[in-house]
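Look at the two complexes coming up: subunit A is in both, with subunit B in one and subunit C in the other.
What follows is the complex of A and B.
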């Protein structure tokens, strides 16, 4: 029986169409995975169901919950319905809870609001609700505040609030996207259990096909405000019909083709055009779908088209040196320690110290791609800042071409900065919004001041923009005129402009949609081969690290717990933490295999679970 | 996303025109400024000439706002007083901006001991109200308009220093600033290129608010005799001189009082309007 359905929903905001004839349905006790990239309208569909649409939104069509049309309800009726009949789990557990109220009070509020029960009763129920989501009051007293809990625990509180009144439908909007992989696995498990026990319907919005394969009974794919494909999960993965679904699947499992260093220039690879972003930043789609083409003015490894720069600008290792062996490391960390001063507890006691990086050693050699994996807070970004000489280590040393940062003169530091550049995670935060792309990309040329003139500067800007698949004319645009993927290309262009030997990539693709992510990974692989770059690739995403690195280091609580060639570490992890990480990370092929193994009818299929309502 | 932001950029002037409190504030401020400028070349009468025979006249065709107890033309005094108010508050804001913003930026760029020293010194100065500073300055240099400017200016320094420090600190943790550091740029250059431009709107808004506070402070200092000395007219001293005649000619207190209120309100409305117009987040909600 259908519990929730959307029929022909059209939605526009100030006349701009956002949703076009969206139809989907969720059966009783069923899990529907609503898949799409950013801007596809999946969240707007959920907000329409809750009648929490932004100002200026106009909806036509029907949204039925248990036979009642939600669009025709008044605000007062919706208020009674939200929380009671529809529960909502949001993406960001940090902001979904009120920081000024205890978790007990926030859960109790659900009961007080809808049942009008007395306070003591509500509090007792809140305790039960929190116990059900794995936060027993004996260990997590109700008077805890949200900031005293971890991200995963906070998301449990949000889930407790969503399921508190045994709603008919739960809408979960990217419930695990902000969480670490191990936490994600636990939260998904919890949601699956709750839904199976209560027979609640679940509309699960996600961009992650692996999560869908693990969780959902049926799948609906959205793109540009339209439903492009739907079907049962098994049928969907075994025989996708719509090209976009196929492209999405290809992108999620994409492994960039990594070539050896001395390969000839890249040709556009036919048939490898990935789906475009749909975040339409004016010509974004066209550019992002195109593989970079060979061009005489692009950066050549040996400076073939550029006059040599006073003979000292030879940042790329010569191929012959590479063939000889691994080469001398560009950057070496020797038991680096990075401590932060904690809060001063008393005026007379020394403040506590927190060790973010604890005796980490690593080396990156020319042309090599090294992965650094770990969950949030493990110290990997702190380590990166230390390696870039942005923060001094409290112990150990960082060596650039054999010399410690500690002994550096200003000229040495400049030489190091020319050779070691960086790409940050956030494609929005890594550019000053007030400057044009050309100026932003050229910023590291500050390191070469006095060596190059304006003409060479402009030539380099054009060359790096072409290198990353943008056009030289884009130099005149402001950052906000680019899409997220294009901005990340700009960030890579900025890192390339000094012709470095090593680029430190701090979560370079985590903020991007899967199809864009695949393109950026391809670009990184191409650039590495072309320029003989070394990468230190920092990520929490094992799939990405696996795709692009030769060697991987696993970091936990400030320490490296495992290190080795990527293939070996992934195939046979030695440390328990690595195994845990690998087991927890959503893996499409594994999830599909598990699904195929599942005996028919064992899954929480529609109609089979008694409704617990 | 990009479309809406571009639209926001283009329509800044249009949004200003559709912002009533900004328009009202700008209009009032312009009128006061025009009045002050006009007084340099023309006033109905000389505001410093005493004419006891014509004392305490009600408003008339020759004296639009009447005369005071010494027979001076009130309108002329108000016009000249506007010059005093504007000059004192502008110079005071200039001192605050010129010293406070660089100090705050320095503290944010250097952190550590330098930052700590700068900000604690600021706290020390912050503990003295403008009035106390003016009294100290008078004891050293004697009373006068310069005295008032410097006193209010010193009072403004920690205000701007704190504002700049508070606005710059979060900017220093942004990724585009880290990218600039990786590009080898030093603290000074980054401050000029990235930090200052990104906090300029905050500084502009605060400057408008400090201007209005300056007008108030100048009036207060002149009222107690620490500001502009006679015979130069000042709104604060007009209030002081009207005090004894409140029962006889309340007009003499009301006119400068209203001038102060209207000017301060105008500058505040202007500041609020600028904040709305320059802050993209507030702009989008409007």
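What follows is the complex of A and C.
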């Protein structure tokens, strides 16, 4: 039976059409995955259902909840209905809660609003609601404020509010996009449980096909405000008809073709790039580049013994062996320690120290692509700032071409900055909006200290813009005139202009849609082959790291818990944390395999006890 | 919380010390000898010297600074050169005019600005908003003494509802004394309220665009319930900041307004003291004004902590 349906919904904002004849339906107790890239209109469809559309929005068509048309309801009727019959979970848990009110008060408000009950009663119910989402008042008192909770815990509070009154429909708009993979797995599990317990319908909006494959009973794909394809999840993934769905799937599992030599990468001498040959080191890289096939052994439950190691005749390379590898590494971290002053417990004691980076060692060799994986707060960005000599380490040393930063003169530092460039996550935030693209891209050229004249400068700007797939004429545009993917290309061009040996990429594709992400990954792979670049690729996204790196380091709570050739680490993780990360990260092929194996209607095995992110 | 307050108190004390040094130094540099002003230009040098010795003006500057600060802390503000009465007495009398005046204006400012700004934000781009924005623009552009004259013309001269000036003293009763403060307070408050209303409006508009407002709407709260229960308190934080800054403008405003309305307050006292080179009075009043501004800003900081739990720390 259909619980919620949208029929021929047209929506325009100030006359600009946003949704064109959108139709979809969610059955009772069913999970519908609504998939699409940014701007496809999936969030607008949800807001139309809630009648919380932005100013100037005009909706035509029908939105039926349990047989009643929501579009014909008055604002007062909608207020009575929102929160009671439809619950909503949003993307950004960090900002979705009022910072000035306790979590207890915010959850209790749902009951007070719709049941008109007394305060004490509402508070008691709020405690129960929070208990249901894994925040028992014994450990998370109701008088906690949102800033005292982590992102995952805050999302639990939002979910508690959404399910508080046992609504008929829950709309979840990218509920886990802003969360770490292990937290994401817990939140998805929680939502699945709650929906199954109450028989609630769930409209799950996401850009992530792997999440859909894990969660949804049926799938609807949107693009440019229109529904392009829909069907049951199994049928959808086995026989996609629409080319856009196929493109989306290809992009989600995209592995850039890396023109990688089986011999070790090109190695420099005294800062010059020169070819060199040797053995070892790069051998594992040859394995990379082949798409990871669904490995049946990875479906084994967690805690099972390691799958047999395949394609490896050597023992796990020890750090000492790697140090003996050929060529001078561009950048080496030796037991780097970064500490922050923590809170002062008492006026008379020294403030406690918080170790953000704890004795981390790593090396990046010319032409090599190294991944640094970890969840938010694990210290990976702090480590990156230290590697760029933006902050000094409190212990250990960072060596650039064999010399420690500590001994550097200003000129040495300039030379280092020419050779080590950086690309950040948010392309828009890292550009001054009042500067033109040409000037932005040319920014690092000041490191060349007037070695090149204006003509050469312009030649270089044109060259790097062409390198990243933009046109030289784009130099006259402002950042806001570029799309998100193009801005990330600009950021890469800016890093390329000093002709560096190493680029540190800090979550370079996390903010991008899957199809754009695939293009940027391809570009990075091409540039690496063309210019013999080394990458230090920092990300929380295991799929991306697997696709583009030769070696990977897994970081947790400031320490490297595992490192090794990417293919080996992913195929046979040795550390429990790596296994946990791999198991938690949504994986399309694994989700589909699991779906094929489990009998219809049965939920996935209940996993971990939620610890609250 | 205690650490937070202790830090604020320490910076408050430091501000006062620095302010006292600056005030003292400026008074030293200013031309004009109090003794000469009091005795006239024809006074005999030995009389002048005697008078200087009497006031302690012949001692070195650091010593006089120390004596001034020590006296100030103990409540002894010295003797006025012109009135020959203790400055403390002089100030205390005047304080009972200026303090109520400033307090009433501040209260009026908040009472006008918060609802008006909130209304404008809630009716964004509607006729009420456009009207309020136009009115506050005028309120900011027009100086307070011109308002004062306008108010006197309308309420005192034409309608004869309120006195045009003067102050009967609190001895005359609460209402006779209080009503003579109404027009000055309104004249002082209007420009400040105009500024604060605009801050309130933009702050509330920002708050209404936040994600938690959308969450609250999804819970079933109506637009006005969201404003009252969620957005308003969040919007007050920037308003508090501006309010703290406005207090010093309010004090500066009293100097002009008290002269317009012939009110025997601190503002008029300091104005007269400057023209008569009564430096000890000027020094002490300026120091008092600085202290009151610093204290008000401290109270604002305390209010932040009361409003925003993120500034409080769990013990």
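Methods note: the second predicted complex is superposed on the first by the 528 of 613 C-alpha atoms of A that agree within 3 Å, B and C clash if a C-alpha of one lies under 4 Å from a C-alpha of the other, contacts with A are read in each partner's own complex, and residues count from 1 in each chain.
Assume contacts are C-beta pairs under 8 Å (C-beta built on N, C-alpha and C of every residue); 3 or more make two chains touch, one makes a residue touch a chain.
Here the structure is a predicted model, which is why all the values come from computation and not from measurement.
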| item | value |
| --- | --- |
| Fit or clash - subunit C, subunit B, common subunit A | clash |
| Partner chain in contact with A:430 - subunit B first, subunit C second, else both or neither | first |
| Contacts of A:52 with subunit B and subunit C, given as first, second, both or neither | second |
| Contacts of A:481 with subunit B and subunit C, given as first, second, both or neither | first |
| Which superposed partner A:468 touches (first subunit B, second subunit C, both, neither) | neither |
| Partner chain(s) touched by A:114 [first = subunit B, second = subunit C, both, neither] | second |
| First (subunit B), second (subunit C), both or neither touched by A:158 | second |
| Which superposed partner A:79 touches (first subunit B, second subunit C, both, neither) | second |
| First, second, both or neither for A:421, with subunit B first and subunit C second | first |
| Steric overlap of subunit C with subunit B in the superposed model, located at which of 3-11, 21-29, 57-65 or 201-209 | 21-29 |
| Subunit C - residues contacting subunit A, complex | 3, 210-212, 214-223, 229-230, 233-234, 307-310, 313-314 |
| Complex contact set, residues of subunit B against subunit A | 1-2, 5-6, 174-176, 178-185, 189, 193-194, 197-198 |
| Of all residues in subunit A, those that touch subunit C in their complex | 50, 52, 75-76, 79-84, 86-88, 90, 92, 95-102, 109-110, 113-114, 145, 147-148, 158, 161-162, 343-344, 347 |
| Touching residues (chain side subunit A, partner subunit B) in the complex | 279, 281-282, 385, 388, 390, 413-414, 417-418, 420-422, 424-426, 429-434, 440, 443-447, 480-483, 491, 494 |
